[in-house]
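Next come two complexes, and both contain subunit A; in the first it sits with subunit B, in the second with subunit C.
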Partner chain A sequence: MYFCYLFMVIWNILSFILFLYHFLQQNEQENQLKFYAKSAKSILINQEGLNNIPLLVSSIYLLNPYSIGSCVAQSTVVFTNFAISMTLLSAMKGSILLSMLGVSVGAYHSLYPITLLPPVILILFKVRCIECELNRKAVVFILSNIGSFFMWILFLFVLSYQVFHSWDFLTATHGFILQVSDLTPNMGLFWYFFTEMFEHFRMFFLWVFQLNAFFYCIPLTIKLRDNPTLLACVMCSVMAVMKSYPAFGDAALPFALLALWMHVFPYLRNTFLIACMLLCSSFLAPVFWHLWIYAGSANANFFFATTLAYSTGQILLTSDVLFAFLRREYDLYHGINPPIMQGEPGVVVLR
Partner chain B sequence: MAAVAVKIALSSLFLSVSLATEDAFHEELIMRPLSTGHVYAHFQFSTVWHVDVEDPKAFSHYKLFPKSLGQIINQYSVEELHLTLTQGKWPHELWGYPVVSAPPGTELWVFFKENIQKSVDDNWSGLTQALSGQFCASLNFIDSKTTTSPKLSFRREGVAFNADHLNSSLLRHAALAREIVCTENLTPWKKLLPCDSKAGLTTLFNSLLLYSVNYHSLGVHLRPICRDPSCSAFSLELVQSLSLVFDPVLRGGSKLDWSFKKLFGRAIKSACPLARTSKVYVDISRNKERHGLLKTDCQGEQIPKNSVVGSDNKSPQTVTSQRSAFIIGGEFYDHFVSIILNIDHLMTNHGTSVSLGSVWVPASCDNPSFFTCLLKQSGSLFTLAPEFSVVTRQMTSEYQQHFAVYDVKQWTLENPKDRSLNVAFKWKKRDNPGTPPQFYAQRFLTGYGEEKGGITSLLHNRHPTDPLSVVYFTTFPWFLRIFLHTLTIQSGGKDIKPDIMHFTPAKDRSRPYSLEFLITLPANSVTELSIQFNKVFLKWTEHPPDAHHGFYISSAVISTKLRNPLNYTGPSRQSSVLFSSLQSAASEEVFIRLHTSILLITLPTPDFSMPYNVICLTCTVVAIAFGSFHNLSSRRFEAVDQKDSKGPVGKFMEMLQKLKAKLFRKKEAASEKKKEN
Partner chain C sequence: MENRISLQSSSTRQICDSSSGDTCIDFLRLLFPGLQSNFLGGLNFKVELVISALSKIVEMGLLSDVDGRKKLVDVLASHCARLCLLSYVAGVVWLCLLSDRSFNGRTYFSENALLPGLVEGEFKNHRFASDFFWKLSTVPEGELSVTASQVIIDKMESIGLHTYHQNFTVHVPLHDMSEPSTITGMNIYGILRAPRIASTEALVISVPYKQGSNKGALALMLSFAEHCRKKSYWAKDIIFLVTDKDQLGMQAWLDAYHGLSNSYISSASLEGHSGSIQAALNLEFTHEKVSSFHVAIEGINGQLPNLDLVNTVFRLCRKERIPAALHTEGYHENLGTRADSVSSLVTMVMMMFYQASGRPTGNHGLFHRYRIEALTMRDSGVPEEHGRGFLTTGGVLEGVVRSLNNLLEPFHQSFFFYLLPESHRYVSIGLYMPPFGCLLLGPAIMAIVLWSSASAGPKSVANIEALQVGEVQGESPENTSDQQQCRGEMRGSGETKTVALDEKIAFLRYPPNIGSIVPLVLGANVAGVLLLFSADLGYKLGQVTGMDPLQSSHITMASCFAALILIFSTGRPSSSSPDEVTQRGHSIKKCGALVLFSVVMGAIAVMNFSFAFFVAMFQVPVYLFVYPSASRSRRIVQAFLLLMVSPPMILVHLLLAFNTITSNRDDDFGTVIASTLASANQAVTSSIREARMLGLWSFAMTCLAVLPNWFMFWCLAWD
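Right, the complex of A and B next:
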């Protein structure tokens, strides 16, 4: 029951984020409008579309079978989702303490939301520090953010220490997340990989996979420093795929946030493929699970194949959204019609 | 009566005096026909060494005691050791109680000395390694994943030297259900005996026939005991036991009749010259039961009244210890439930009441023909040859046990020509199936699929009026995630609340679950215990060879004390010899330990042929993520000419076309030249 209540809270917060977000987005568009190309008018966000988005996104989150499933299963992933939603909301409202509390609760609860620290700081920077340039003031601002984050997380750890009177809980919680000692099948990449891993390579691949989960934070922050909201959404999707024990509930949040980027959807390349992969894997996973575990007529490989397809689908979706966003940015500044080169229209490629 | 008492006191005194002088070795064999037609043979070899366990320097001179074992005991500061290697299941409901209960597979439980040099766990792991070498058994697989320290179920059986003997921190218990017993274990076990298998009862050991049996259990039990009734000095007692259950039908012929030659392939030809006693006992109680002891046709041959000794003669001698706090461990079994319930009357006074007097009298010494007559009757169940004498053991005021006795030493002296003793047992009538014992237990798996499961135990208390207090101890390996909240204990639809419960949760790859509780079973009831678990997915290297065979879950240990158990012969708490003091007198309670059957659980398996494929596929997916994010974050969009926009494939095709064009041009040029010529 309480999970259901929390679920409603998350839903409310999410819709609230979206309202706030649409003001931000409008501001952004207005600020940058003078730099945009004239022909880019057709791809600008229009007010009517924005008004529909909050309802759309909240219904995506609310009616998503993934989130309904994790609510029914009483998965603790809703706490992480709650922390992340709270973070994004308070960051957009410009509250440093609250947003850092959200990040630290998320990091405390499932470690991976620590990668939301850079986007949240960037959002706060944008909201609170409109006038500050890259000067001493900005550095102090960023340091104060990081400081408040560490203050919160230290507070949480000390609170736990007061309960247990030892630091053993760290190895049992964060150690458990990092070492991947439980190999119960889930929709992630870790379980079968480390079930089948050769013993002397285990440590190496553990480092590679865990670094991989955190590493995307750095290049994407550099690339998307002007669009921290997208950065936050992309980090949420990366987390949902690359974390050691992902659940369906982890994917529910990035799916809901995806609707924020409705305006880049025309630039997506592999929509059909991704939709097929996600749908097929979502439907086949329980079937293959049953065949493997209960019927005994399939083996672990069947279920593994669906989890692979699911992860690949999510990765393709995230990278496609990122691609579409960047491609649209290009068109906004350069116009939707490609320049004529040697008598023929040129082609826009990544170089 | 008084005369008998004096006689017993004298004999026990003599025994203790003679014991004090040198090491002693006894060999005994009990044969018991079971109601299913099977034959139960229990060998017991006990070596008593007059050495103080607490004194490490004393472990340097050996006579009868095996040196290899003595050194291990001394090295690892062992105070008490119990090891059993068993194959086959003992169905209590059909066969009653064995002399020594043992779970299928291996069970080892050890008490270490208090003043131990290293930690108990270090000594434990060293001991298991040493015993593994000593008995050629895979005891080295005992590690922290299988070891527990049960708080209630296991107590010292010998002398306890320290005051906090109830503290289980010095106890380590482990069971390996997968371990198989074979001749490779029997041979080193035999070598611990003074006579090896050269003479004595061990000459019956024919490895070929010894292992084609329904039940086979090797045991080594080591405990410190009091050297004399006043307990002024201590000895070390090593009891080696071998229990076998034969199916006579499988040994040729269709009949259930048996003889030593049929069961073992040979007869006893000699006694071990080093043995103080060398005796064979055959349980003939069932024959007697059939007719009633006093209502017999053998007129004038009634059993002398004074030959059957009840509790009158068991006058406990109060012993005050010279050490400030020591207790005969055996006593605790009789009181363990009361101790658990904090009625701790034993610990309050340091000197405890210990009965060392023997409570048996060879009933037939005066009148052997009475029983021979009984057996010869037309109505008797079976006949036994050759001639024997009888001992009687008073179980309750109504119930007695009778054993035919063959003294092998005497036999070889009396029959110098044909010295081979071949006990032959012939059924005259088909026996009725016996009634199940007062208390027994069953355990089985529930559930389906490889995700979840449950374990259910049925505890049968068949006593019509008395409730029964029972300590149930079970361990689960870490790869079964036990949920304590699913534990239900029900009897006849009513929930039973455990009086005491100890639960230790497991730690992955380092500690098992252990669950121990004391419950009271209602009279004449079947109590159902059940608990649910989730199965853990193991790494592919953690599965044993032949992973689809499954994992064995070691048996639960159920401890209780029974009033008047029928057909029960247990090892004596007070004596090294099975039959020197048949320990329980009338109306006394007997400690009984039961082991349930082991369980076989299949865990979900990965595809063992897939590691390379899985690593490649998963890494590919990660590479897709890395590649695309790398591409998007390290490059930027640029408008280029269509010609330059071709990817590597396009460029390659272009090159191919150029090459083709070049080749053809050359050919064309050559043909043109020819034409021109």
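Right, the complex of A and C next:
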């Protein structure tokens, strides 16, 4: 029952976010309209499509087999998803304290949502109409954000300390996440790699894998600094793939948020391939799990192959959405008709 | 030699140290110091070329090369029909060919610890067996009575086994009114403790009581127990198990042994336990003499025992010179010159029939769920004057059990997924999966073509549509003229530049509407779930209204199916020539349905290959053919074809084929049909029952995976 309640809360909040979100997007589109090319009219976001998006996102999240499954399994991933959606919502509303509370609850609960800090700060910049330049005002704003984040997370830690009267819970939670001491098979990439590896390389690869999970934050923030909402969505999907113990529920959130980018879907290049990969891996993973763990007739490699396909599919999807977004931006300013070079229509290539 | 090894190791170290690109050249130079330097230079150049080509591919992005992909899709689109047909035929023919000796392999032992037949046979206890056989003959046949069970228990105790018994009660789900609703029974088992080791592992020899008809096996098992009692080399406990009420008793015992509960079989907990069971042998022979063994391997849900166990049994039968066979092997003597090939094909297909049913072919099949390798050895069932006696059959049993006794770890070396065309030839998963992939290649190609047509400009959609129609009606003259007209229009439009530009941005104007698949998939799956529960619903309805519940459940299931078919076929063609948007909607729907079909079939094939292969074999051609159409005749043909490959009809087709193979030559077609229909009816009922009691998946798999797919195409046919 408890989980069902939470589920409802998440649903409400998600739909609310999106309501606010399209307001933002429309605003930006109106601001930039004068710079757009004439022929780009057909790819602009229209109001009718936007009105459907909140319902669409919430129904995708609710009807997604992944989120239903994680609810049935009573996975704690719903708490993380709740924290993330709260973060995004309050960032859209421009509330520093609440959004930082969301990030810190997420980070406190499963550590990885700490990578949402840059996109959330950037969203706050945008909502509060503060110029993102290197001046005194911006620096103070960033510092106040980070300060409130640390305040919240310290508050949570001290609260936990009050419960346990020792700091042991840190190694049992964040230490457990960072050291990957549990190699029970899951949909992630860590377990197989660390089971197969020699013990003396473990420390090195642990650093490599964990840094990999956090590192994408930097280049993506630099590239997408003008589109923090996309940045937040991309960070969610990176988290879902790169974290040490990913679950199906982790992927449910980025899938739901994907519907926000309906307007870039025509630019996706590998939709068919990615859909097939994700479908295949979602169907085959339980089958191979059964054959390996229960029937004993298949082995770990079968299951690992599907998790690999699953992760690859998700990464391809994320990068494809990113590409599609950039490609659409290009077309918005240059028109949708490809430039004619030597009598032939040219192809726009991302370098 | 030593020199060489040191050289290699040093070169390996160098590779680890150096980080330059041409380490492999260094490696070669180190290995062959006398090699010409200019040759190496050439090689170096080639390696660089390959590396640069690779980096170029990575740089361009294989996945972002849209033009290259478009060419590929164009080729697929222009040969779609031919490719689909070719891959289908190739898949079926390829699988049939695999039964031939030139395409499959000879079985071999992977597990070295088994050492089959290495020890000298010591079993000389045939007198004991004969005596006990005659003693059992005095016990009246029928249910396991108190006297009969006392005879068995006394014998086990006198041998010196730790003897226990277990009572169980079965509440039969969906039981017929003429049958009792509860069945009670008793399993008897004796444990021979391994003399020098703690009871951590065990082997099981089980004998179903079968109303007292299984006397030969029972006598042999107990005489073997007596023989084992005197030996000191056992490393595993041996459990001698007599089960009552066939598979129900077996399931009750296995559940209790593993501490599981079953809501339909309430079994008393076991008093005596042993360790984890490594392997099990199930024996069924009625008479004292056995002329040939029939080895049954197919377990529940199509699981198979490890091939090593099967090999061991066949090897020891050969050693004791008792013919052993699978299914109909050796039964078809008058087949002519190609007798061998045909008979191995028939044997393989028979095995696939049994596997596809998902039902265990003997009590051994229930062990597989618990990761226990098991098989059944049967006699032919007719009394044999000149068969082999207990001395020989006991020799086989002793050999197998001693081999199993040698095992150091659970069976894991050899294959778990295989088909057997002959007792000593096998087709492994690596050999039979490619034909299946070939079968699913057609749907995959068509899905790709439909996807590209759904996201391309309208002209191209018209082309695809014409192609589809052409494929179906054998390139009738009107269609070709249609196509020509189409091409003519394209050429006639003159301004090629505008066309090219339009094509370039077609993907923006006409993005594929993926969302349109969702209602179709949801509706079809809800229909599947409805059908899954319709049997129970009908049964309850029958109980309430006072009808025969079983009959009422059959009627409800059938009427539910009919009602769903009618509901889904309400769609009417919007107009005689649908506009482009509708056509693109159809393309994307069919594409989604084909992809789902392939994925579901692939997932089932990993668990139960035969089930997936048979279903795909029937459904693939029809699914490729089905497309929303306005022409009345085409719609009728489509509906007829779809009905012919609907899951209940597939069951009837398969049973018909099965009965034709197994029936006598003199049976006329009428009797075969009658028996087919009767067995189809019985198969559905028992699959629902066994789903509850034994954990059979066939019914659920059909309702939740195969049927939703079929409903999707049924909707498409009427769209």
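FYI, the second predicted complex is superposed on the first by the 343 of 351 C-alpha atoms of A that agree within 3 Å, B and C clash if a C-alpha of one lies under 4 Å from a C-alpha of the other, contacts with A are read in each partner's own complex, and residues count from 1 in each chain.
Keep this in mind: a residue touches a chain if its C-beta (ideal position, glycine included) is under 8 Å from a C-beta of that chain, and two chains touch if they have at least 3 such contacts.
Remember, predicted model here, so these are calculated numbers, not experimental data.
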First (subunit B), second (subunit C), both or neither touched by A:266: second
Touched partner set for A:280, first subunit B, second subunit C, both or neither: second
Subunit B versus subunit C as contact partner of A:298, first or second or both or neither: second
In the superposition, subunit B vs subunit C on subunit A residues touched: B
Partner chain in contact with A:68 - subunit B first, subunit C second, else both or neither: neither
Partner chain(s) touched by A:192 [first = subunit B, second = subunit C, both, neither]: first
First, second, both or neither for A:312, with subunit B first and subunit C second: first
Doubly contacted residues of subunit A, that is, touched by subunit B and again by subunit C: 294, 296, 316, 323, 338, 344-345, 347, 349-350
Touching residues on subunit A, where the partner in the complex is subunit B: 181-185, 189, 191-199, 205, 209, 212, 216, 219-220, 222-223, 238, 241-242, 292-294, 296, 299-301, 304, 308, 311-312, 315-316, 319, 322-323, 326-327, 330, 334, 338-339, 341-342, 344-351
Residue numbers on subunit C that touch subunit A, as the complex places them: 63-64, 66-67, 303-304, 368-369, 371, 410, 412, 416-417, 447-448, 451, 497, 500-501, 504-505, 507-509, 511-512, 514, 595-596, 599-600, 602-603, 606-607
Subunit C contact footprint on subunit A (complex, rising order): 42-43, 265-267, 269-273, 275-276, 279-280, 283-284, 287-288, 290-291, 294-298, 302, 316, 323, 336-338, 340, 343-345, 347, 349-350
Residues of subunit B that touch subunit A when the two form their complex: 448-451, 508-509, 536-541, 604-607, 610-611, 614-615, 617-618, 621-622, 624-626, 628-643, 645
